[in-house]
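Multiple structures follow.
There are two complexes below, and they share chain A, which is joined by chain B in the first and by chain C in the second.
And then the complex of A and B:
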C-alpha cells in the first residue's frame, strides 16, 4: 500500500498498549481493534530458561497440587477457643492477616484491631494502655497463615476468641477462623471501643456455645457442597456471601432450636446470623485454607497456596517454595467508595480473604456472581471477563465449583506463577476496603489487582531452587 | 449473478422457516443464516384493523395496567383455613388450577388431587368412595383464579386446607395459596394414599399454627423485596425457588423459635421448610396473583392478567376482557424427563404457576436463573435468549425485578396479546410435568410454549369489544 493510499483510505487502527488510544480513534470515527498484549515482566536473566528446562518436573508437581486441591473435603467439624486448638498459640500470641510484619510497620486498621483485641482480652483497660502494651515487645505477632488460620481484613485472632474448626477430611489437616462479627463497628476493620468489645464478649458467651452445641447435633457440615451451591445462587463467597449464609443458616437453625435451652439466646443467635450476609465468609475462607494447606510443600510446584495482605505488604507463598514469603507493597484499591469517602481515606489492601481467590473462588469465580458488580462497580460483562482472564493464569478448572453462566464450567483454579509472570496477568481480588485510620471501619469495596512483585519473586525463587 | 456462477460458487444459504434445514446446510459445509421469521397467525379478518384503529386507547389502558403491576406491594400478612377466608368457598367447594372444567373432562392428576382432598376432608374413607362422590355432582368445582387464589399443578384447595394470605397493600386486594407440600407423594401432582393424607394433616395441625403464630410475631413479610433478592440469587421463582425459600426461612425462623412453645414442633417445621426448596413457590405465585388481580377490568387493555392450565385446557384472561376465559387444549411438554419416564407418561401442562410468567417472572426471568437450565435441559445462552424473546411480547420492564446478567435490566412484564399474535411469539413457561395417571407424581420439568389459541381468541374478543 503506498503512503498516498494510506492517507486517502478510511483509518483502520490496530492499537497495542494503552487502550484509551483505541477509544479515541473509535470516537473519531475510525475502525479500531485492541491487541491484548502486555509488556513482558522483568525477571532475573536465567529464571525463565531454568523454568522452561524444568517444565516437565513442574507440570508433574503442579498436577499433584491440583489433584490435592480438587480432592480436598473441607468440613466444619467444631468450634473451640483459639488457645485450645490453634497450634503454637500462647497467651501472648496475637495472629494477624497477611505476611509477617512488626508493630512499627503495621497499618492503622491492623493496630486498631490489635488494641481492640487486647482490651477484649482484659490485658488493657483503655485503648492507650492497649497501644502501649501492643508496642512493648511483650506481644508475639504472627501471621494467621503460619498457624493454620485465616482472618478477614485485619484478621486479628487473640487467645480467647472462639474459632471454627474446618477439617480437610481427605488429608487430615485442619484450619481455623474466627466468627464473623457482622457490620458496623467491628474489630476486623480496625474499630475499637465499648461496642466492639461488647459484641466480642456476646460472641464468646452466647454465639459460640450455642453454635458449638448445635454443630455437635448436626455433625460435620460439608462446606465444599455448600460453596458449590452458593455459586449457583449468585455468590462468589468472598464479597458476596448471602447464599452461603442462607444455606448455612438453613442447616444449623433446626439444631439450634433442638439444642439451645434458652429461647432468647436461640433467637438472638438466629437473628445475628440472619442480620449478617457475610457470616459465611468466615467459613469459605478456612475451607479454602484447609484445602490449600494440604497442597503445601510439593517440591517443584509453581502454584500459589497463599495470597494475603496485612495492609502494608501483599504476600504470596507457593507450593514449591516451602515457608518462604514473597512480598511487595500492598496497593490502595481503585474501589467503589461509600458516600463521604474516597481513595484518600483508604488503607492499602488488607486481609487473608484472598485465600478464596487462591482457591479458585472470589474474584476468580465472579462470573457466578453478576449481582456483585452493582456493589463493586462495573457491568455483568466485566464479571465474565474477569473470570475468563483468570483461566489464563490457572493450572486447571474446579471439578466441584461451577459457573452456571458459563454452562457450568469449573472455576479457574490453582494460580500458576509462571503464567502470571510470563503473560503479565495478575490475579483479580474482589475485596472490601478499610479506612486507613484505626477505629473507622469499611469505606468501600471493589475489584483489585494483586501487585506483580510477589509473583516475580516467587518465580525467581522457584527457578533458583530448580537450577 | 448468472446461474453458472451460482452453482460454481460456495453455497451460501439464507433460510426462512424450519431451522433444521439450515442446520443440514451447515453440516454439509455450507455457510447459512437463519431468518427469524414466523408465518403470520390467522385471526378474524377485521380484528387486526380494529385494534390498530384503537391503538391509542389500548396503549393508554395498557399503561394503566402496567402502572398497577409496577406499584403492587404483595405482602404475606397471615394464614387461615380456606373456608374462613377465600371468598365464595363453601363446604362443598373444591378449587382447582386452570380455567373452568367439569369432572368428566378433568385429567388424571387433577382427579387424583380431588380424591385425595375428599379423603383428607373426611368426606370419603377410601379412594373409591372419593371418586364416586367427586363424580356425583354434589361437589362444586371452580377455578382457584375465580376465588382470588392460585395453586401449583392440580391446584386443589379444599375447605379445611390452611392457606397463606397475601395482601396487595397498595390496592387493598388479597390472594390465597396453600402451603407447599414438598416432594414425594403429594396431592398437587395427583398422588393420594395414607402418606399424602398424613402429610396434609400434619400441615394443618402443626405447620399451619406454628407459621401463623410466627408470622403474627414478625408482622407482614414483603414478598416483592424477597422476590427481587431471589432473582439476584439465581431463582426465577417458578421452577427454582431455593433462594426465595432460604430468604423466607431466614425471615421466619427466629420468630418460630420465639413463638413456638413446643421445641419438637419448631424443629419439625424448620426441617420441613429446609427440606423443600419449592416452599417459596406457594408465595411467589400468590404474590403475582395479588398484583395482577389489581390490574383486572381495565377496559381496552390487551395485557394478560391470567395464564393457567388445568391439565386439559390452557386458559388466558386479559385485563380488558373482564371474566372471559380464552382457552385451547393444553400441550404435553417437551420436557427433560426423569429416569424411567418419557413424554408418553406426561400429562398435558397443568397448574396456576404460569401466574409467575404472567407477572414477569418464571420463564420470563429465566436469564436470572442460569442454574435452572441444568434441570430443564439447555444452555446458559438459552436462558438469556428466552428472556430476550419475552421482551418482544411484553408491554414494559419491571422496575423492581431485575436480571443481574443483563446488567440489572427489569424483567419483561405485562404480556401484550397484540404482540403475541402479531409477532407470532408465544410466552415461554418454565414448569414441572405431572404423570398423566392419578397417583404417580412428577415425571419431569422443562421449558414449554403456551399454545397460540387462547391468545388469538383474546385478541379477537378484545377487537370485538372495541369495535
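And then the complex of A and C:
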C-alpha cells in the first residue's frame, strides 16, 4: 500500500508494545489490534537472519512437508511379531520411547519396563537377573522412532511382542506400535512382576492371533477417517481415546465374532478392548508416525516430524535436518495429580505419544475434547485457547482433522520450529504423567509445555545447514 | 438441454451435515435443478448414479475425496453453481469468529491475519527488538511508526531503504508523535483535519505546531514524524523526503509545514531541492537556522495564513503586537511584585524541541543562556543538575532519563528540580512546558500545582501549555489550575519563553 493509498484508507493499526497507544487509536475510531509481544528466545547470532534470507526456500520445503502430511493415508493393515517386521530388530534389541539414551541415564519407569521386557522374553528369570543383563552392554537400546515405531510412556518393544502394522498407503511406508496393555500394573509405566508378564503373554498368545485373524477378515482399517470421526466425538486421541476405541471396537467386533472359533477367547478379547479406553492410543500414535515419517528428509524444511521423551530427555527431529536429534532435559510436568500424588512423585515427561501433537492432534486438538478439559485443569474456554495458540506455531491446518467448536476449522498442523522460537511459544502436549518409581503407574495428567531447548537447537542447526 | 458438471477435490473432508447445507444452498441458485455435494464413498457414489449424477471423473474417487455435482439448465448456471460451491466450502474452512477465547496474536504475521486491511504497525518495544519487528511489518506490507529508541543507525538505514523500495513509510526510530488520517499515534494531540500537512523530525515540535494550527482554527491532513536522526546525512532524510513527496501529491494538502532541528548539509540540500519542485506553499522551520520563521509558533502561524489565503506578513505582525502585550505584562508583574528574588532564568523542559525553541526566543532577550542541549549561540551547561545563571534544561536528555520514565509522563524529577531552583536566590523565573494529549501525563495540573504554589512564593513561574481543546486532559481546567497555583500560563511555548525572558530582563533593570 503506497503512502498515498494509506492517506485515503481507514487507518488499521497493529500495536506492538505500549498498550495505551492502541486505546488512543481506538478512541479516535481506528481499528487496532494489540500484539501479545514477548522478547524472542536467544539464538546463535546470525541464525535468524540466515533463516529469514532462506525464507522462500524454507516455505517451499514446508509446503512439501505439509502436502505429504495432508495426503498421508494411515491404515491398520495387519499385526505381526516385532522381530518379523520392525526393520533392524534383532534378538538383542530393545526399543524405547524418546531420543537415544544409555542404560545409566534411563529413568526408573524405563528401566523397569526393560527389566519386565527381559523377563517376558525369557532372557532372565528374576528381576535381578534382568537388571544385570540390562546393564551388561549385551542389549542394544534404540529409540522406537529410529525403527519406524512408537510406544507410549516407556515405549518398550522387545522382539517377541506383537505389533500393529500401519501402512501409509499413499507413500508406501509403514509404522509399528505394540498393543495397549490397559491400566494397572503395566510395563509401559515400568511395572514388572508376574501379573505384567502374564498379561503380556496373554496378549501374545490370545489377543494377537484373534485380532490378526479379525483384521484379515475386515481388511485394512482407515485410521485417518477414524481419527477424524473421533475428533467429532470428543477425543483428541492422546489423552482421550474413548471415542476412537469405540469406533475401533465397532469396526472389529463383528469380525472377531466371525473369525474366532473359541468363544472364550473372543469374549476375553472383546472385553479387553472394551475395558481399555486407551486402546486406540496405540493406533492414533502409529497413524501419526506413519504420516510424519513420509515427510522426513525434505531438505530446508523447518517442520518437526518427531517430538518425544524418554523420561530423561525431550527430543525433536525436523524434516529438514535428517537424523539429527535435538534434545534438552525433559521437564517434570506441572500437571493435575491424582489424589495422594504430587509433583514430587512424578517422573519427567516420558513417551512417544507426543507424536500426536507433532501430527496436529493431542494438545493441538484439545479444543475438540471438552470432556477432558477439567481433567487437564481448566474450562472449555481454556481448551479453545490452547488450540488457538497452537495455530501460531504451525505451518498449516489439517484438511482432515477438524474441531467442531471452532466451526470445523482444521487442527493446527506441522510445527514450524521458526515460529516456535521466534514467537517464543512452545508446543503444548496433553499427556499422562508416570510415577518416577518403576511400576507405580499413572499419577496425573495435564497440559505440559515442551521445553524450548530442543527447538532452539533445531533452529540453529537448520540455519547452519542453510548458510 | 440440461447440463451436468462436477468437480473432485482430493483429500478434503467435511461432515455430512455441512455438505447437505452446502448442497441445499446450491440447489436454490437460479437455473440449478439439482446439486449434490458428498464425500466419494461407495454408498454416495451409488446414490449419485441413481440420480444420473455420477460423472466419469467421479468413478475413481475415494472416501476422502469431495464430489460436487450440479445439474443446471445451461452451462453458465452450472459453472456459476460450481464456483459458488468452492466459495461456500472455502468459507467453511475459515476460522471461527473471534471470541474471548481467541488469544491475542503473538507476532506481526498473526496480527495482520487477525486484522484485515492492517496498514500501520506502531512499535514501542525495547530498542534492541524494535528493528526486527519493524522489518517484519514492512515485509507484511505495513507502514511503520517506530516509537522505540536505541535502534542502531545501520538498522534505521536498512529499514528505511527497504521501506522506500516498497513505497512504505518508516516513521522513527525515536518518533514520538504522528497523526495519520486523524488518528493520534503515541504522543499526539487531538487536532482537527484540515489543509496543512506536517512533516517533522522533532516530536514535541510537531505537537506544538499541530496544536497551534488547531488553536488557530485550522487543521491538518497528516502529521508525519520521521525521528530526529532521519535528517542526518547518515540516514539521508529518506523518510523526510518520502513524506514530503507524499504530501506534495496529496490532493487535500494545500500547505506543507516542515519542522526539524537543522538537517545536515547533504539532507538540507535535498530538502530544498524538493521544496523547489513542490507547487504548493512549503513553510520550513529548521530550529536555530534562518530568521523567518524562527519559532514553532511563527512557522505554524505562517502555515495557517497560507492555508487561509491570508497575507503571511499579517500573521507575523500579529505576533509583534502580541509580544508588546507580553512586554507590558512583564513590566507590570515585576513592578507589582513585593519581594522579587534573583535575576536569572531557569527553564526545565520535558520536550527537547521546546528547550531548543527557548534558546531561539531568549537569544534576542537575554545573554549567555546555557543549556545541556545547546543550540546555535548557546553554550553548554557545565552541570546539568546544577544550572547557573540563565539556563534551560532538556530533561529528556540521557543524563536524566536513564532508569526513569520520560519527564513528560513522570513529573517526579522535574517537580523536585522546580523546588530546588525556586530555593536558589539567584533564580528569578522558572519556565516550564506542559504537554497535553494522548500519551502524556493524564493529569499534569494536579501534579504540578502544589509545587508551583510553593515556588511561586519566591519566583515567577511561567508555563507554556501545548494542547488543544480536544485533548483528553481538558485544557481549560489545566490552565485554570495552573493559574490558580500562581503560574503565568501561555498557550504556546514561544509566548511562554518570551514572557519568561522579558520578566528576567525587567528584573535586571529593577533597582535593588
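Following the convention adopted for this analysis, the second predicted complex is superposed on the first by the 432 of 467 C-alpha atoms of A that agree within 3 Å, B and C clash if a C-alpha of one lies under 4 Å from a C-alpha of the other, contacts with A are read in each partner's own complex, and residues count from 1 in each chain.
Simple rule for what comes next: contacts are C-beta pairs under 8 Å (C-beta built on N, C-alpha and C of every residue); 3 or more make two chains touch, one makes a residue touch a chain.
All of these numbers come straight from a predicted model, not from anything done at the bench.
Novice: Can you tell me whether chain B or chain C touches more residues on chain A?
Specialist: Looking at chain B versus chain C, the one contacting more residues of chain A is C.
Novice: What is the contact status of A:408 with respect to chain B (first) and chain C (second): first, second, both, or neither?
Specialist: both
Novice: Please indicate which partner A:266 is in contact with in the superposed arrangement: first for chain B, second for chain C, both, or neither.
Specialist: In the superposition, A:266 touches chain B alone.
Novice: I'd like to know which partner A:247 touches here: chain B for first, chain C for second, both or neither.
Specialist: In the superposed model, A:247 contacts chain B only, not chain C.
Novice: Quick check on the superposed pair: does A:183 touch chain B, chain C, both, or neither? Answer first, second, both or neither.
Specialist: neither
Novice: Is A:399 contacted by the first partner chain B, the second partner chain C, both or neither?
Specialist: Only chain C is touched by A:399; chain B is not.
Novice: Could you look at A:232 and tell me whether it touches chain B, chain C, both or neither (first, second, both, neither)?
Specialist: Both partners, chain B and chain C.
Novice: Based on the superposed arrangement, let me know which partner A:216 touches: chain B (first), chain C (second), both, or neither?
Specialist: Neither partner.
Novice: For A:35, is the partner it touches chain B (first), chain C (second), both, or none of the two (neither)?
Specialist: second
Novice: Under the contact definition given at the top, report the residues of chain A touching chain B in one complex and chain C in the other.
Specialist: On chain A, the residues that contact chain B in one structure and chain C in the other are 232, 381, 405-408.
Novice: Could you please specify the touching residues of chain A with respect to chain C in the complex?
Specialist: 1-4, 6-7, 9-18, 20-22, 24-25, 28-40, 48, 70-71, 73, 222, 224-225, 228, 232, 381, 384-385, 388-389, 391-392, 397, 399-400, 402, 405-410, 422-425
Novice: For a test of understanding, state which residues of chain C touch chain A in their complex under the given definition.
Specialist: Those in contact with chain A are residues 11-15, 18, 63-64, 92-97, 100-108, 110-112, 114-126, 129, 132-133, 137, 141-143, 147-148, 167-169, 180-186, 188, 190, 221-222, 242-243, 246, 249-250, 252, 438-439.
Novice: Using the touch definition up top, name the residues of chain B that touch chain A in the complex.
Specialist: 229, 232-235, 242-243, 246-247, 249-251, 253-254, 256-258, 263, 266-267, 270-271, 274, 370-371, 373-374, 379-381, 404-408
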